[in-house]
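Chains: A, B, C and D, in written order; residue numbering restarts at 1 for each.
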């Protein structure tokens, strides 16, 4: 098995001015992750606007990302779906395309029903032979997974090797899960990286997030790996103003696409509708912050 | 324009024992609506498990339904989506396949934002030249549309000709909307038909629901059309025990598929996961009720 | 212990035209329950607008209800609260005032956390020595209690003797809970009585609901107790049009107060704000239905 | 009118080890705000656990806070309620006790209904003659107030002089509201102060938050008032790691009480149940962060 430990860049899906998938911007985004020394990329997550893509577009994006990765970074493909059959089908397709792992949030259920959630993951685990990253993001999925349930997923389903933890407050949940699962489950942070330092301190194995300067997160991670928590904290705190700014509710995706455009990695910062977008005042505020941090 | 006034049968999507779309059961379901003297059928709604179908399956189902209808009943195709581009694309595809109308609920938005909802419908109205049935079902969409907003949709978007009203209590909302829109907007009930009599009394033009005996709803509707409210009420109340029973939260779809199976119209009552299903005790309770009402 | 088995009338809290608690209307409401041969009354529930009463008003209402009951009917007092300390304090006060039982829904929690819900009930069980009726009403409380959790409450907390089940679909949940708890937990229906017949058939021990003609529910219950399910069903179905009508989402309380006013039991049908109220068209529709059912 | 512009300390309600209101800890908390040079204190907000206090406890707390303030700081009293009558009664009581202003979030409504929200504020505005601070906190109230609605409240209700804005992303909403209301509405930030710098840059008049070192926020505010945005940003970013840490979802209150205990201002860090509390690992993590920032 290929270990996923490290920093993963959550890729946005690029669109052109008319809202079509801009496949030709994908190589530059993968290259960003490679140059940043990321362990991998993740496509078709919330950041990738997966829920606003048709099946054909999803396949186009994941196929191209995998092709561009050329083994330089791992590729985790989001396959969360509103139904078990779709999730399985998408996961199998990801395997066929050559994905390193799949990332899956629970399908929405009318009522909190952990048995149904378990069956959903079980169906997926039976269908794929690559690692499953369980996404614990109740704000999006409306499913709350207690620590004991996450441990059960890990213990009973061999393919469940990782967790993407986005159920705040994340630091105590990292500790509580590690207590039950030890080294058998790798835990990634998310949520824009706003608690990266604390998550790593408590034993998280990396993060999967769309912060537009993944190289900064990689350096924080490397300091932690080299047992230099002081240097990690210093670096993390230095860029915290931006990490916080980019993680703003609703407009986070729009902000990141704007940064990636400024970095020359996207030709167009468009997000699909309905979605919140930033206005000119916010764009300037963002630019001033980037300038103050000497980020280009 | 073809008027949609009347009773529409919300079609379930048939699956076989392994969970695959059972295309061959579609003709019998369409025939049920034709024999019941329904005005039309509606496919790919909540009842049709649209959110648990792949794009290819959705196209397969709507294509086959339209083909089988052969002009005997209208076909309204559900094209609700989580994004504007998808909804437009699905609606255009429905037009191409020969749909009579499209039914569309608002895309989910993180925050109640009626301007975004308007833009969503505007994009759809620009893309299709057949009637749009706006589905007002806040329990599913998490979007609450005030009466004044619905009137605005009707007034500013020519294609918005109908409303499927599923925002309880529906009777007063029918009256409130009619006051603003008069004859320019046709209002359908839904929600299993539990308030069909009151909705029609207040000026609704029909209903779109999956009740498994649409012929009963047609007879109620016909009595109302012929100004025989007493007969309509008597008939409606006679079958209200079942109408109420089938409309149970969570298991409504499973109950209806069970009835359709008993009627010989479905080979398999399976619903896709994750979803609530009825157990044997409930199946027997359902059967006893059908027997008591002398329904076969 | 006094058994609560039977029909309980959920009392509305009467207000005068200016919105003040109209204490003098309480005796007539209690008398309605007594004359209807109800087993008991329940005050300070959702129907009693408990969340819109001050602490002093709550005490006034429950004290007066208990005083008027004079042992003719049991009095169950709603003591649901947004915090454990308040719930305990209100429950202790209910004991002091002479309540037969307390009815308590879980306090809202930011995230589904059944351990916190258990501790809440445990604190209450330690503080009172009268039966606790656990209210399972996720639509109001936002807490979903699985069958196994309800069984645990019953098994570990001696005072938890009853459940008010309002988590639809209720019939299968009655059966599932009975399978785990047998005779050790009495299950009441609610939700306006719309599934009273099915609930009793499956072993529920009564219902607690605000339907404005509790005498009808008592007759249905008596037929079931005397093993006359056919007569029970016939009677239940006869009045189902009204049971359904009164149970309408949002306006149910306003409708019931209107019926009670028409019956001469309330001087004023006012509900406290913010709340939905019925308009004149709806009032007339209600009146026509009462006339058709020959209810005065 | 006394202007509220500036930094306000959101006071926690102190409890003793048994969960009783610890009135004797109130003076030290008020003194903290005075020494920090805060413009005012706010009691009985979410931070004050208002929803878990009885009416008597609420009155005890607000009465004591006002007494201790002795005109040295303004006192804004939270009077949000689940019903209009209660909210009015609590607001009138706050006036009688000598409050400078009242802070009020919308009462929860079953469905987004801005007319009902307006009526709620209108009732309050008719009953009090002190400034009303409208709290815009959809995560707690489940009511989303569009910019145009907030402007309407300000324009039509004379007492509505301030807004506490906690609907993220807050910076663009500050700008959008200012565009409509100009100087007629003072806008406060909240949410732990995580966007204090941006909010002030865009014209907010201060913040009301429970950050346990209000003196830091005061210094940031003063730099902004003296047109020293560079110094304000530098100071703000220096303490951002802690501002972010304290603002963690669910445990924010517990963290702040822990800090205040460490500062010697609270004897006990207990929060009322049900609520999330920090564990020992988190306490130590917090302490290390305080040490790193040289905060005592």
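In the analysis below, a residue touches a chain if its C-beta (ideal position, glycine included) is under 8 Å from a C-beta of that chain, and two chains touch if they have at least 3 such contacts.
Remember, predicted model here, so these are calculated numbers, not experimental data.
Looking at chain A and chain C, the chains in contact with each of them are B, D. Of the two chain pairs shown, B-D and A-D, the one joined by more C-beta contacts is A-D.
The centroid of the Cα atoms in chain C and the matching centroid in chain D are 37 Å apart.
Centre to centre, using the average C-alpha position, chain B and chain D are separated by 47 Å.
Taking each chain's centre as the average of its CA atoms, chain A and chain D sit 33 Å apart. Contact of a single residue of chain A with at least two other chains is seen at positions 111, 113, 249-250, 276. Chain contact summary for the complex, chain B toward chain D: residues 111-113, 138, 144, 146, 167. By the touch criterion given at the top, residues 168-169, 171-172, 175, 194, 198, 201-202, 233, 237, 240-241, 244-245, 248-251, 276, 278-279, 281-282, 285, 292 of chain B touch chain C in their complex. Every residue of chain A that touches chain B in the complex is listed here, in rising order: 19, 49, 51-56, 82-86, 89, 107, 109-111, 113, 116-117, 119-120, 123, 249-250, 272-274, 276.
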